[in-house]
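Take a look at these structures.
Same chain, two partners: chain A is paired with chain B first, then with chain C.
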Partner chain A sequence: MRDLRRADNGSSLFANRWIVSALPPILVFLLMVCLWQWTVEFWKLKPIVLPSPAAVWKAATEKESVLIKGMLATGAAAGLGLVSSVVIGSILAILFSQFRWLRLSIYPYVIFLQTVPIVAIAPLLIIWSGNNLRTIVIIATIISVFPIIANVTAGLLAIDRNWIDLFRMHGASRWQSLAKLRIPAAIPHLLVGMRISSGLAVIGAIIGEFFVGNATSYDGLGSLMTQWQSQQRTAHLFAALVASTLLGIAFFLIVHLLGRTVFRRWTMAVDLESYDP
Partner chain B sequence: MKRYHRILTGIGLLALLIGCSAQKTDSSPTSKEAPANPKIKIVLNWYPEAEHGGFYAALVHGIYKSHGLDVEIVPGGKGVSVPPELELGRAQFGIGNADDVLMARSADSSMVALMAPLQNGPRCIMVREDSQITNFQTLKNVKLQIDSGRPYVPFLKSKSLLDPSVQIVPYYGTVAELVAGPGVAQQAYSFSEPLLAEQQGVKVRSLMLSEIGYNPYACCLVATEEYVQKNPEVVQKMVKASVEGWQRYLESPQETNAYILKQNEKMTAEALAYGVEKLKPLCLPDGLAADRMGQMTLSRWQTLRDQLVSLELIDGAKVVAERCFNDRFLQRALEVETTAKP
Partner chain C sequence: MEDASIAAAPLEIECSDLEVRFSAHVPVLERLSCKFPAGQIVVLLGRSGCGKSTLLRCVAGLQKPTSGGVRLSAVGGQGHQGRVGVDARPRMSFVFQEATLLPWRSAIENVLLPAELDRGLAGVGRDDARQLAATRLEEVGLEKQEHHKLPRQLSGGMKMRVALARALMNDPDILLLDEPFAALDDILRNRLNELLLQLWSHRPRTILFVTHNISEAIFLSHQIAIMHKGRIGQQWINPLPFPREHRLRSTPEFSHCYGVVSSALESLS
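Then we have the complex of A and B:
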């Protein structure tokens, strides 16, 4: 009986916690939609200037299948870009943590990745790599790799001196320290980097599609946005923007879920949602 | 819970603040009353080129001034969209192609065309002369740089003129890739890009869209219905001066071209001189007299409207051909009776 009550209490606690964490963003969303609708009506704005939320909803339902296919096409490119960023960024960060001379000589140039005007180099990338998915993934990678490098490098280096001394006392080799101390300690940092990069990868894929066009048999969100902007379909353009936002949120949640499942062992100490000073 | 109350109260206050600040400002775009001597802005649909020559000629030769108009021509560009500029009252007139007018009206804009300097559309697909492509039927196995949102792309598809072997890629406004090697075709204006390619040593062929039935009026002078209703005198003067400007530009473009060059440093004198020669048959096709400059007919608008409706690019219920253009001012300006519009 007591167990049942405890289980019941547990589920109601979970429900309460969910309501507490979900309610504020839902309320803000509803407020923003109301404000948007009010702005359109108050200023008597025409859809070509700013479509109402209702018009955007109508456009989204009209083009539902096109938008879903667009999200899949852009999602695939962004996903590949994010995975490339994680792999390339982590390898570079490990190298930086192990070789001080490498870090000192190359890290400043890595900052270049953050400042590179992708719009200016995209046509060049197309000449080098062609109008294909690879080029979109390269663009998404260039845009999303820096937070991974910066965070993972910081994570690998910010180790408590006492832990390093302990490993030394036990005669751990450099690679043992890396594998058993530094990399596990850097995983929460990797996840923070991935949270930032997940959104950037989506932006990178969309920018890539602006330049490359369709890399798959479907129009990606970037291609759809270009087309609808050209056709002055502002409500449709907004629907594509909402779809890209949803895609970014989906990526963020996937990274969040990874932190809660696959990497749970290393991330238990870092819980952004429950942290409340 | 107290904390959430505080947060919600904060959000409420913020909303109230935004509301109050919005109400304080009394510059609604719908309340654009024209002052006595208004400054008239014309926003272009692209960077200044030969296609805008007639409007610049009216400015350069003081034709607008002689009609009592204080005109400023605002260059357009890749990111500039004419309909919102007009709807928000930031410009009183704009330049747009007939298909742009139809698409804007489908999006609830009240844009109307007042005169159409280019009777035949200059839009073409440019291919290398050393390619096997001689017409739209042979447009195959090529990378086509094109703005896929433009209506002529679905039009070509509907006519089965875009073979599956044609790879459609975005157009970035340069002839570089076509010049660099074979296997590339691109969208172009017949009075502009062919010269750029030939200057770089590549002979090209222009496949005109107007010849396969897609022929919107181009570079039309446009304004919103509201502006036209409130300012009929300004519109009348504007149309008359613009017609005179175009007549002047086609006769003697040198001074105007020199001015356009100052406005758009990417242009060359040679390109503008070439442009104006190519524009002449587009502005006055089939022996059309210069005093009929800019004329529009209902049947042309109806054809285009029906094409875009069948391509599902515009809403047929919203777009009525008769309301897309207003040639009342043009007829007065040309002092000719036309049976184009009942």
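Then we have the complex of A and C:
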């Protein structure tokens, strides 16, 4: 009975909170669109400079299937990039956490990697790897791997002193401490890293497509943008911009959902934390 | 219920000339020698910074002494000197100030952890271990439906009960507790003290309990080692008889003991 009431309170509270947090940005969005439409009409701006929201909408519906295919192509490249970032980044982080000398000698270069502008490497990568999907994935990986390495390494190393003592008391081996303590304890850090990396992977895929061009069987958003830019189709570019934003949001939501399902134990609702019988 | 092959032999704890220094000047423990009898509850009492937690960590093997050593020996049997091989190591468990449960494991999975790590329990099958963990949880007063809750779904007192169950999972010869109930309110602390005595009488083993709470020290102990500035100032034998129950706390004998211990503590500082 008591539990039921709690759950009831919880869900209505959740609904309230959702309205409070979602309504203002939606209102601002609608206001901005109206303002945009009004500006274009009032100043009689040329569509090539700034198309009206209605024109963008028209372009988007006109090119709907091309845009959706573009989102899928870019999404696939970014997804592959993110997955390889998580795999490579986690493996590197585990090595860094286990071998101090490796961390001391290699980690500075990982930070250095972060400072190299990707646009400077992309042409080289095309020479080495060719005009293909693989190059796009490599670029997406290079751009999105750093937050994974940094966060997971920190998570693997920042272990509560008492937990380490607990494992020592029970004679845990290095491998057991890694598998049963450090890796599970680093999961929240991995999720934080993935949240940042998911956006970066999408950016990386689009940048990759800028350079590689139409390399896949159908064009990704980045190659659509370069085409439409050369044809000066501003409304289409805006439509592509919206599509890439939606793709970024989709990636963010997928990572969020991963936390709520596979890693539920690590991210359970905050209101349970204050549970006090 | 207990398997005879893993039954604990009460162990005696003997410290000789134990010295721990973190810096050159002030020793945390200073040439400390003492003997704690097997199968008894000894409370280390003292103000913060007197070295009681360090002494406990030395016994646990978590703190390497600068000089001197700790000897754990079965009564009339072979001793374990210093750091010895894993197989010869006596079973010890440590309960920390916080429950230190792994938040991604349910209550019963936390209790199972020592069985997964300790080689001494490697022979116990998976199902048997789970059964044993469930029994341990029931012994500390967790009902069946709470066994699968995550730590964050449990109250502070419940978490500490789970930590106790985990410490008892490997049936330790020596149980070490470092101010385990300090963060709990008085009523909860009293209840857990009673639980600890109950668990001890069910299965007597050597217990070393650190606290700065005089009433807790008197209620739990066979003897109290009053510590001051890295030494044991006095080893006080507790005259109160076992079994002890809640109402003991309101007897004149208890008040008398309280007076004796607090003035002993006072005279040291």
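In this section, the second predicted complex is superposed on the first by the 238 of 277 C-alpha atoms of A that agree within 3 Å, B and C clash if a C-alpha of one lies under 4 Å from a C-alpha of the other, contacts with A are read in each partner's own complex, and residues count from 1 in each chain.
Note that in this section contacts are C-beta pairs under 8 Å (C-beta built on N, C-alpha and C of every residue); 3 or more make two chains touch, one makes a residue touch a chain.
Just so we're clear, the structure is a prediction, and the values are computed from it rather than from any experiment.
Within the superposed three-chain model, A:233 lies in touch with chain B and out of touch with chain C [touch as defined at top]. Of the two partners chain B and chain C, more residues of chain A are touched by B. In the superposed pair of complexes, A:160 makes contact with chain C only, with no contact to chain B.
By the touch criterion defined above, A:169 lies against chain C but remains apart from chain B after alignment on the C-alpha atoms of chain A.
In the superposition on chain A, A:43 makes contact with chain B only, while chain C stays out of contact range. Looking at chain A, you'll find no residue that touches chain B in one structure and chain C in the other. The residues of chain A lying in touch with chain B in their complex are 20, 23-24, 27-28, 31, 35, 38-39, 42-49, 123, 127, 131, 210-214, 223, 226-235. In the complex of the two chains, the chain A residues touching chain C come out as 160, 162-163, 165-172, 176, 180-181, 184-185, 187, 265-266, 268, 272-273, 275-277.
Residues 60-62, 86, 89, 92-94, 96-98, 100, 102-104, 113-114, 116-119, 150, 152-153, 155, 158, 170 of chain C are the ones touching chain A in the complex. Across the interface of their complex, chain A is touched by residues 4, 7-8, 11, 15, 18-19, 22, 28-30, 81, 83-84, 87-88, 100, 103-104, 106-109, 143, 147-151, 167-170, 172, 177, 313 of chain B.
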